[in-house]
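The first chain written gets the first letter, and so on, giving A, B, C and D; residue counts start at 1 in each chain.
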Amino acid sequence: MLKVGIIGASGYTGVELARILCNHAKVKLTVASSRQYAGKPLSEVFPSLQSLEGIVCQDLGTSDLASKADLFFTAVPHQTAMAIVPDLLAAGKKVVDLSADFRIHDPAVYEQWYQKHTAVEYLAEAVYGLPELYREKIKKSRLVANPGCYPTSIILGLAPLLKAGIIDPSTLVADSKSGASGAGRAALTGNLFCEVTEGFKAYKIGEHRHTPEIEQEVSLLADQSVILSFTPHLLPISRGILSTVYAKIVGNISSEKIAALYEEFYGNEKFVRLCKKGTYPATQFVRGSNFCDIGFKLDKRTGRIIIISVIDNLVKGAAGQAVQNMNLMCGFPEDSGLNMVPLFP
Amino acid sequence: MLKVGIIGASGYTGVELARILCNHAKVKLTVASSRQYAGKPLSEVFPSLQSLEGIVCQDLGTSDLASKADLFFTAVPHQTAMAIVPDLLAAGKKVVDLSADFRIHDPAVYEQWYQKHTAVEYLAEAVYGLPELYREKIKKSRLVANPGCYPTSIILGLAPLLKAGIIDPSTLVADSKSGASGAGRAALTGNLFCEVTEGFKAYKIGEHRHTPEIEQEVSLLADQSVILSFTPHLLPISRGILSTVYAKIVGNISSEKIAALYEEFYGNEKFVRLCKKGTYPATQFVRGSNFCDIGFKLDKRTGRIIIISVIDNLVKGAAGQAVQNMNLMCGFPEDSGLNMVPLFP
Amino acid sequence: MLKVGIIGASGYTGVELARILCNHAKVKLTVASSRQYAGKPLSEVFPSLQSLEGIVCQDLGTSDLASKADLFFTAVPHQTAMAIVPDLLAAGKKVVDLSADFRIHDPAVYEQWYQKHTAVEYLAEAVYGLPELYREKIKKSRLVANPGCYPTSIILGLAPLLKAGIIDPSTLVADSKSGASGAGRAALTGNLFCEVTEGFKAYKIGEHRHTPEIEQEVSLLADQSVILSFTPHLLPISRGILSTVYAKIVGNISSEKIAALYEEFYGNEKFVRLCKKGTYPATQFVRGSNFCDIGFKLDKRTGRIIIISVIDNLVKGAAGQAVQNMNLMCGFPEDSGLNMVPLFP
Amino acid sequence: MLKVGIIGASGYTGVELARILCNHAKVKLTVASSRQYAGKPLSEVFPSLQSLEGIVCQDLGTSDLASKADLFFTAVPHQTAMAIVPDLLAAGKKVVDLSADFRIHDPAVYEQWYQKHTAVEYLAEAVYGLPELYREKIKKSRLVANPGCYPTSIILGLAPLLKAGIIDPSTLVADSKSGASGAGRAALTGNLFCEVTEGFKAYKIGEHRHTPEIEQEVSLLADQSVILSFTPHLLPISRGILSTVYAKIVGNISSEKIAALYEEFYGNEKFVRLCKKGTYPATQFVRGSNFCDIGFKLDKRTGRIIIISVIDNLVKGAAGQAVQNMNLMCGFPEDSGLNMVPLFP
């Protein structure tokens, strides 16, 4: 059994990692850290985990944290991650980092959207952890930068079309909607039940920090520099992201041909499910699972293709994809611990 | 007191009309029809209306329906409306029709998106009931076609920009999200609580029937034929529409200049509220009210403007706007019965 | 126009008071205080109030607060209220206090459930502001203690039965369920959207501070000392309280006779609506209104009566009832500003 | 691999059975029936099951249904079950019946609350499928009557106390609240999203058909005939039941002693989790899992104990418990396929 640790276990990504790891046949959760709940059993922080015994939250500072596991999930805010990860690597550990700190290859871009980067020397070796694009690299990596939730949905939706060159990258508009767990577990007025329920809003229009991450990967796929419009919205649901992506079609292509492109790209992917023609995915049908469901509409009238891509932001958008990456890094079957069927209703 | 009737009172638009009319100082609800609940007091169909006495649902067929009121709200499906409205007009009544039957000026366009039109002779006189655009015409009309909910949010958001010619109409993308009351009160599996809650999906992508209505008005505003992408989505909330509209900016214009265009266009409008720079509207802040709240982001990086326009789909998107139209048609103060402050939380 | 002020305007009760007062023909909101948002327009704290101009939140400490209005609503926590109210009264103002500080007649009981009381000299004159029970006293009062939300629903449900002596007070069980706005707007983890949505729980079982308030009024109605079981629960909704109250029936009484008792007690009450036999109230049918809807089931099989009593906790359970009390204290029609029809759906 | 079939697969219990069986190591779902969706793949009826291949819904009438599996889950309405089950048993199959038809031992009681019983000869052999009470009988049975959702929560909450004789059975009040999936997937107006969301109501007060089932088991535990008050309520959530049960304490007993009784009764039960003193369970912490979480409050002031018992109505209240029963009937580990950790948030 591989010993794994969660650094930053008291957020929603932390509890979701614990949920998944509980049923993973190849690993054992041996340590969890949380500054806020240090000294408290994780099963008391989250009563859903009551059956998980023996994991007491430790303070991050604990010097012997690294010695307690072989692989770490760092589920901490950006900037905190870059301070921790180098030490873990130096101690010979593998790391799946769920922050933004190692996703952007170009430190200048990172610093433009975030703040100064203090561990630039690791950017070159960090692999962007989208298995459907970088599986082989992930297998050989000791540091995987787990993708952001919005980017996962958008990039998976666009990849086959960009690769095939059938859409005009200069026309990309990504309109994304996320459940409230994406905002984390911080006690802020804007995240209160009464502020969110029966409501809907856009936020950080044109300036969300996932933008450069999306543009980096879209540019690589399109083999040209791409700038796109990205608008995140807050849904009154706990889990789920749905991205509606618009692009102008280049040339004359049939719906069947496009479906074939998707099939070719994802036909062997366990965690990408393609919708039948005329049907579109919905967040409630991936809830609690590691699936990304994708559908599209070729709209000849406007010359645009509209792609709908759906994930559970805490699973394929965070903890599930992190476990998928761990599986690849450790030579486990890629779907170990990830065979959860979506919870509907 | 003007006597008013509601034809099709047992849907969500019907109960909302009744709610508003209860507190309208100039009118009295004298008759309500509902095939399904004929013979049942409206206050039993909707316990929220328990205090509304004396209104028993009548069958639509009742021949003397017309004699019981001076003005009618027809809140029935398209095709049913075109069969009823001519008789009401012939009986000398005023009509605010909440169906789609009299919104599209060109019968060929109507028939392309709906079905055959059997009352084309009324299309020329019917006025599209968006008071912010057609106030003077509405005042003189006996037949007002109340706009669709999605079109109301999108057209109001775009009007000042199209009029000013600062956006490229060929780049328009309207990504709209609506609460479940927009789907009506029909008992369908897809509208069940367990199917909708904690979920989100797109539907009728590129083929929703509100498309030609939006394009008609956008084309008139832009003074050129416009085709746009329109994608509706279903939100797990009862009330509210938020439209996120994308357009490429023409030329070089500042955010301040655009704010001034909105201010000029809507400064005297009681039911349009403009958001301060850097803030965007949310559906929960217009709930139960007749307001349309509008905000925008000029994104120089992508050369696009993103407009956020929010309404309560049952009020400004249906019953409230219908009462606003009635007020204009009857010479009442435009805001009679419509001074409800949004219900938050 | 009576000038009124809200002390503690930035909570959910504060915004609801503002919403109601906006449409009150006899009063003008002239001042609002909020320590947290001092200096900020109330219309920015709550965008729903964007149309409310000219009210800037002031710090509570402002010495000339009292001079700016004739009547004050104190919507502050217990203990804070007892520190403020005496000064307002001394300045010749009328006060509707929405805290618990003046509800309990016996200071010993107050101190047992809360903490030391520092304004006991006002307890004798404070009137418990349940108009259906104490209308005449309220009319003559300058200090009204606005009832708690749970007590309002439970006492109104029980009053006719206790007065008539047809239930055994020693068997009372009140199982209440409240929407999340009852927990206030404080930014606490337990009130976050993701913690509350799709969930349900009981809390403070047998030890909620509304217990002595309920017992005080129930004892007065029963003319004997009553102790009851009260269990509050948290519903994943914004607004609404439903109380299910159980009592053993004394003697042999028919359902019709009980209905007659309710009718006799509440027949002239504008804000109490009685359900027809076989039907029960629901929170969604009083949302946004000042109604208390009551239904009951006489269960001969078990010898119990089960009473269902429903209010909007922010209206009849707080702000609406406070305005109703103000109306009585100031000689306005009792329903001024309170004719809102429930918002359904 | 045991071959299992689901009769009535298109309801919420059906899809939940399929979800659980997908990850069950010892069985294979080989057949599913649904009159409404006959001919349609189950993965199209429920897109959440898209990865489940090869199961096409069959019409119930198909004569060779029985030949396709070794054990059947009958998830059909009462009355339908009693028409099907005898044939399955006659064909040598094992049956876990999720309807009410075989739960009530006394046909007279059944007929009083339901309708005529046409398979009374099976009542004697049918075992009430609550493993925590009847494990050994279930192991030997070929026909298990899976308990109702409300009864499961109430009986598990009360069992240790009734067995120990420390509560007065004549004082029992069970106030239960259920998520909307308990109402099934029928397309009825009352189950629509807009009717349920942001609302709460009681229904079938004192006359819900689960009453005799609860009373049967409670009477057996108390060793005396018990009549209780049972009030079901509808929560605006998909999944979850919380029962608040009230009883007068007999004699003088400490909270610690009661905790010990629970510990003794459930200490070895995998699917019952006991809350620490001062904490209570919540539906959101058992979502998607087979756990029943139980907490209690001994209220010396009123002489009552208040028990809070929580389950996921579709898992421990239906499909999960059915699989638990199957495991026992077939000699599999009792928790096979049931190790799902609750999905929170």
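Rule of thumb we're sticking to: a contact is a pair of C-beta atoms (placed from the backbone, for glycine too) under 8 Å apart; a residue touches a chain by one contact, two chains touch by 3 or more.
Quantities reported herein were computed from a predicted structural model and do not represent experimental measurements.
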{"item": "Neighbouring chains shared between chain A and chain D, ordered by label", "value": "B, C"}
{"item": "Of all other chains, the one whose Cα centre sits farthest from chain D", "value": "B"}
{"item": "Centre-to-centre distance between chain D and chain C (centres being mean Cα positions), rounded to whole Å", "value": "38"}
{"item": "Length of the line joining the C-alpha centres of chain B and chain D, rounded to whole Å", "value": "45"}
{"item": "Chain B and chain C, separation of their C-alpha mean positions in angstrom", "value": "36"}
{"item": "Residue list for chain A, restricted to those that touch at least two other chains", "value": "12, 181, 194-195, 197-198, 236-239, 281-282, 284-285, 287, 345"}
{"item": "Touching residues on chain C, where the partner in the complex is chain D", "value": "171, 173, 175, 177, 194-195, 197-203, 205-206, 227-229, 231, 233, 235-240, 242, 244, 246, 280-285, 287, 297, 299, 301-302, 304, 306, 308, 345"}
{"item": "Residue numbers on chain B that touch chain C, as the complex places them", "value": "12, 15, 18-19, 22-23, 44, 46-52, 181, 197-198, 238-239, 273, 275-276, 279, 281-282, 284-289, 291, 293, 314, 339-345"}
{"item": "Footprint of chain B on chain D - complex, ascending", "value": "12, 180-181, 185, 187-189, 191-198, 236-238"}
